[in-house]
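Shown below is the structure under consideration.
We just call them A, B, C, D and E in the order they show up, numbering each chain from 1.
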Amino acid sequence: MNNTTNTATSQTLPVYKKRGQGAEIWRRFRQNKNAMVGMCIFLVLVSFALFAEFIAPYDPIEQDLLNIMQTPSRQHILGTDELGRDIFSRIVYGSRISMTVGLIAVGIAFVAGSALGVICGYYGGILDNVIMRFVDILMSIPAILLNISIVAALGTGLQNVMIAIGISNVPRFCRIIRASVMSLREQEFVEASRAAGAKDLYIVMRHIIPNCLAPLIIQATVSIGSSILQCASLSFIGLGIVPPTPEWGAMLSTGRDFLRKAPHLTTFPGLAIMAAVYAMNLMGDGLRDALDPKLKN
Amino acid sequence: MKLLEVKNLKKYFATKNGLLHAVDGVSLEIKKGETLGLVGESGCGKSTIGRLVIRLLEATEGEILFEGKDLAKLNKEEMRRMRCKMQIIFQDPYASLDPRKNVFESIAEPLRVQKVYSDKKELERHIYELMETVGLAQRLANSYPHELDGGRRQRVGVARAIALDPVFMVLDEPVSALDVSIQAQILNLLQQLQKEFDLTYLFISHDLSVVKHISDRVAVMYLGKLVEVSNYKAIFKDPLHPYTQALLSAVPVPRIDVQREKIILEGDVPSPINPKPGCRFAGRCRYCEEVCKTETPPLREISQDHFVACHFPGNRV
Amino acid sequence: MKRKKMSLVSLLLVIALLLGGCGGTGGETGSGGESEPVRDTLIVGMDREPAGLDPTSTHVTTAVMIFNNIYDTLLSFDNEMKIQPRLAISYEQLDDVTYKFHLRKGVKFHNGEELKSSDVLFSFKRLYDIPAAKGQVSMIDPNGFECPDDYTFVLKTTEPWSALPAQICSSYLNIVSEKAVTEAGEDFNRNPVGTGPFQFVSWTAGDSIVVERFEDYWDEKALLKTINFRIITEATSRVIDLESGGIDIALAVGVTDIERLRENAATDLIQFNHTGIRYGAFNCSKEVFADKRVRQALNYATNVEIIRDVLYDKGIGAMPATTSVIPILSGRNTDLVQYDYDPEKAKALLAEAGYPDGFSVEYNFLSNTKNTRLGEMLQAQWAEVGVELVMAPLESATLTATLNAGEHDFCTANSTYALGDTIEGLYSFYHSSMHGTSRCRAYLSNPEIDALLDEARVEKNEDKREQLAYEIQALVHEEAPWIYIAYEYYNVGLLADVQGFKPAPNSAHDFSCVYIAEK
Amino acid sequence: MIKYILRRILMMIPVMLGVTIIVFTMMYITPGDPAEIILEDGATPEAVAELREEMGLDDPYLVRYFRFVSDLLHGDLGTCYAIGQPVFDRLVQTFPNTMKLAALAVLVSTTLGLLMGIISAAKQYSVFDNVAMALAMMGNAMPNFWQGLLLMLLFSLWLGWLPASGFSSFKHMILPAVTMGTSSAAIIARMTRSSMLEVIRADYISTARAKGQVEYRVILRHALKNALIPVVTIIGIQFGRQLGGAVLTESIFAIPGVGKMMVDAIKARNFPVVQGGVLMIALSLSIVNLLVDILYAYIDPRIKSQYK
Amino acid sequence: MSQQEKLLEIKNLTVHYATVDGTVRAVENLNLSVDAGQTLGLVGETGAGKTTTVKTIMRILPVPPSIIKNGEILYKGEDLLKKSQKEMRSIRGEKISMIFQDPMTSLNPVLTVGDQIKEAIELHTKVNKRKAFELAGDMLETVGIKRDRANDYPHQFSGGMKQRVVIAMALACNPELLIADEPTTALDVTIQAQVLELMKRLKVQYNTSMIMITHDLGIVAEICDYVAIMYAGEVVEYGTREDVFLRAQHPYTKGLFTCIPDMYSDDNRLIPIRGLMPDPSNLPSGCKFHTRCDYKCERCEKEEPSVVEVSSGHYVKCFFALPQNVASSKVSVKMPV
């Protein structure tokens, strides 16, 4: 390996492609056993959500009033619910609802939270104070009460539930991004690009945001889990998803009256919620180690 | 012709318990093609000056004349264009490169920001050329900062700095974080670039031997003020200010055949917040008299091109 | 300053003291120590918290129950809904609008005052200026009251009204002590004074209402010393609490727990016919339901048989309903027959009425397990005849507003005959003048039915009233504004050693004769 | 330190004001009319109109808001529409119960979380580490209303150790507190574990070992105290979660807490109760956060010196 | 060197780290020894294995990633690697103690300075709490800090003062061997001078032998008696200060001297050592320095050179090492290319 500048002009200019660090992150993620378990459960649930039509043996809404609340049997793997509908099919279709609620609610919180967070973190000053006081106020009201009042104001139904859960998650995202933006703003590579004459917007988009994606992704993964839980709680109070759409929280809620007579009505939706949230938590932890900042140096 | 002239530069930071005098009335000038070494211990304000002269920080007071124009008066747009002429290299190779961008992107950034090239091929060619000039193998274009060692990361920093063909460069402790063998390679590279592109350097460091090696003129700073400025030979041969003398004697020298008189300073550097009048070094100075405690000694030209800020310069017991 | 050594243990202790310590007060109410239930205290688990203890405040079933034990009305229903004398020994009807009541002597209020006709007058008069209770005395002439002496009380109705005696038994007309109300004013709602067998002790909002035996009650004294009505909204928790011995009586037990409570040796279950009927109502003022044939078609399209089996566990929880008048009331038209399940006929009728390929209708309901299941079954069954039932659950506040304003297409409800009078019930369900009130859901306006109802209302002769009731129910059956689902049984779970509990159809249960048998 | 506390209390006022605005606006835009709910059976149109007038529900937004705030300043939280009892009395009855429950839940989650966090950090990548973390996360993943019902079945019915519902003795608080506590034990355990792992890698731990200190003293005396600092802030946040968690747990275990009252109040459009309840919850959260900060300064001398 | 007065002797110590990207060969059969009362300078750049070596002596290397392949560390004849943890604890702090590089993080921020020194004393001497606190006060005085500052917390001290506290703590039990891992690298020049003076004084006062790890040859010149130059996990040159400064033979040692700007000669061209730092996870074959050596030949690439004793006590690990019977300075050795 000679170190003097290689004089020979290299024949083929190395193809300039942006080789992502994905390979590195994926390698570290794969080594974490728990995270892989979480990933598998997550993939199963996503496949349920995407291919519900093929996986579910029965139509989730089709009733069979002759044999209601059957315990698990060969035709109905997980048994039938209080109207004779196949529980397994309802859980499969239910995953579609829960995943959508999780993803879109977190999406709302992610976008709104990051926008506010970046403004506060980068510019500071009165704007930062005002927004942060607003965030403090939202944080001082427990999430579930916030959800209930928003749903009460907007009305029940999938769309409003998503908006409610989204709004109540905004403060958490805003705080995380504000913290990482404030620390990044002082970094020398930001000063370097400022010295090169870059405008603020350029610096935020090219340097600040890519570098605070890691904590965001971790929080997003965990928040999907907690959003599913919040949606189930809303259904439990009767403000959640409109029947007959199969949603795990609603199934758990209606099933609770038959807890003693037909426990399987609550056990399986409950386990489904638990599996989804558990998977999200495990993946969140796995990502936390994989995206660890010490990856930088 | 004076490329850069700074008059009575001041920079104060508001802190919880008072005003921190980081830079307290510094005046200096750098001729074109010259390297001015700025040396001093941590907390003396040398890095702040480095950022003030290229207006990365807004000065509290004082003028910064670059090629005759006062940078403080320029509006945002004019300042952005002036940025091409002046660049900065940082100390910590790990923090000065964006971990999410590869080498190619990091070097290309200044060119993209100033929209120098419209055609992509042109941009690529120039970047490979720059990489060659700083001694980086072309295959490293795709690698990420965490895959490179300290020396190579600093070379990327240098390539980025010279991308816009600047005239003036601030080097803020460029080699302090590197191992000795790599340090020498970078210093040679900087000297070679200075000759090749007729660059003017403001070289900031706490390492006296490195400063002596690379600078034409040297300025010694203590607690926000310049205490001694002269050409590199005079400062080391005939230091006049007591702090410079103590500083020189404190540096451990890798030679056992040289005997030197040991001056050990007592106590610690005083706090720069709400400093008292009089000479800042009075508390730790061997020759301290009453006048030193009350009157701040101005920077006076004692002998040809040798300035000292002390009431009793050159005093030797 | 002596530096306090901060070891880990004391750190945790500080957190615990700091946080745990701030809850010293409150929470310690409720009758006596809960460790071992004192056998002369009865703990009743009820499902809803009454809005207030002033008889003029709104009437939830649990409120009516408690009122019946701390107040008395002039007359009251017995368990066969027959009118019996109570505070009034007897009454005579002087003419077709005036009634004269002879009060019992020596009756004591809880505050020691003696019952006088002035108290009765006061109890009636105060209803006129309370919006929630005004409806109860709309038929009674506000200035037709007279108190010839301390123990006789005369009132006049605005027009001849056969149901007056039934109205007197209404829990709104419980007699309160004039002195107590004037003194307490607003606070009367929180500490009532009546003449009933039990007197009020305390009310911890959201937790429990405690009453204790009134020693000098005019009738024979209650057997129990105190009753603690605990509020447990969650049905499952209530039953678990009963089975684990935490409470003695659990009201409103769900259908699914009936069998288990019966089989369990430590508990048993009493079922009785509630004065209510579970039904689905079409809003006849809406254009699509104006046509009788559409309503009949949907009756044919509904398989009530199977719905009842699913909802009430094959007849364990309810009785089939063929008319809106409940079994224990007189004048029930027994020869009406339920619309049988005939989807083809339904389609034909729909086509005939101009809806060959069906239509879409919105179903407003309070989202609880029963309404949801009922809605989903109807949705499936009506889909077969091309009618799309859109589920539109509303929470309690918005639902009440929508139904009272008549904005709904279809809804389900469980209405009760609070007055225990057939004609009054039918009148409040179907008379066109009652649109906008809380019991009129069908918004039916049929002049023939209105005329019969008006006539029956003033008819004094008992058999004539029953004859009219028969005719009205037949006409209503033809109009089919409702789908009769079931007469629900009201299920009460109790521990095996609780004796003497006789439930009342209008849920005004009498706890004075309840006692706990020694094992 | 006192100066800092006063400043923090002053800072609470704008937050409280903000809470009143948000809650009032939220209630204002919610459809459904309280007058109708109160009248319920007797809700004839004229009766409703008359009651609305009496309750001043027809006044414009600003008038009602300023009336609400001025009453608030006089310490009058308004009267509960349903029962007619002053909201303040209702809060006095229900609030201590929820606070006691939340405090016990925080104690449960803290002890559980700290224990699991420390042990799994000390024995990193061991079987215990994985099992403890998996269990903790399981507690967090389980919907707490379902968990409550199952615990009630197990402990009240089948084992008969604990009463199923009600709130008159300490025994009543165990089940609900455990239900609420397990969900945040996972977060505290994870936080303790990662902060312990970070601290164990610090130089002063090697210094302690180089002094010849025995390993468990190194962990407890040197590592734990430093690791606890970030955990204390988490405990403050958990208290907010517990108040939220109380809402469902209270309805399951029939506890007369502020959570359940709030849910019913929102559904019944009982505006004064909702406004009063949210204010009280927000106030208690801010106070708890302040207490946590003071505790924080007490543990970490670097911060204590800033406030002197 | 005669056997008996050797305080510490390391014999072909090999330590590797098992990491995710493969095994890192941090130390490769290293041989080193320290005599009683002497100061050994351990010089080398990043990744040379200096810290790994001294942490292995103290046995405070975290075991999961690190594996001690083979080798012995004889302390007064007893092999430290065979000792149990309990035995090691009685040696750490009392017989051998250690100072770390960054004063900012080597003191526990939540305990007072006095407590931390008292802890060291109480571990190894049977004294009650009050006496231990008094002794701690004495130690502070000896390192030039007023006794009443014992109740202050670390964040109330400057960098230099903190390093003095660390030194006080290390010398509290009068150890026979003090290991200092780059003690002054994080300090400013004038403060560094103060601390070096203090260490020189205490070394004599407590008659402790010392291992000073540094990459700054200036510090070695000021404080060390013997010098060992380390490169890629092994000692490439060992000798007295005069041997290494005046009669260095190994190309790496000479390269170190030529690439440091010298303040006392007017202008000297810097001759850098070309190439990159060795990657410990895949070290070059043969002589590990051949990739950067100007004098390398085929033999250097394939074979590992053996250690040559060029003069008494002066060892060089290089094929071109020439035994010198007479000491001469500044001999530029002509090397066949």
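FYI, contacts are C-beta pairs under 8 Å (C-beta built on N, C-alpha and C of every residue); 3 or more make two chains touch, one makes a residue touch a chain.
Because the structure is predicted, anything quoted here is derived from the model rather than measured.
Common partners of chain B and chain C, by the touch rule above, are A.
Among the chain pairings, C-D comes first (most C-beta pairs in contact). Among the remaining chains, E is positioned farthest from chain A, on the basis of C-alpha centroids. Centre to centre, using the average C-alpha position, chain A and chain E are separated by 51 Å.
Note: centroid distance chain D to chain E, computed from Cα atoms, is 54 Å.
The distance from the centre of chain A to the centre of chain C, with each centre set as the mean of the Cα atoms, comes to 46 Å. With centres set at the average Cα position, the gap from chain B to chain E is 32 Å.
Looking at chain C, residues 236, 395 sit in touch with two or more other chains. Residue positions of chain A with contacts to 2 or more other chains are 3, 152, 256, 259. Listed in rising order, the residues of chain E touching chain D in the complex are 55, 58, 60, 85, 88-94, 97-98, 100-102, 105-111, 119-120, 123-124, 153, 155-156, 166, 169-170. Across the interface of their complex, chain D is touched by residues 33-34, 133-134, 136-145, 148-150, 152-153, 155, 225, 229, 232-233, 236-237, 249, 252, 256, 259, 266, 270, 273-278, 281-282, 285 of chain A. Contact residues of chain A toward chain B in the complex are 3, 5-6, 10, 13-14, 16-19, 21, 187-189, 191-198, 202, 206-207, 210-211, 295-297. Against chain D, in their complex, chain C makes its touches with residues 6, 8, 11-12, 14-16, 18-20, 22-30, 33-35, 51-52, 57-59, 131-136, 186, 189-190, 204-207, 230-234, 236-238, 240-241, 243-244, 246, 395-398, 400-401, 404, 436-439. Residue ranges of chain C in contact with chain A, taken from their complex: 235-236, 239, 254, 256-257, 260, 306-307, 309-310, 366-369, 372-373, 375-377, 379-380, 391-395.
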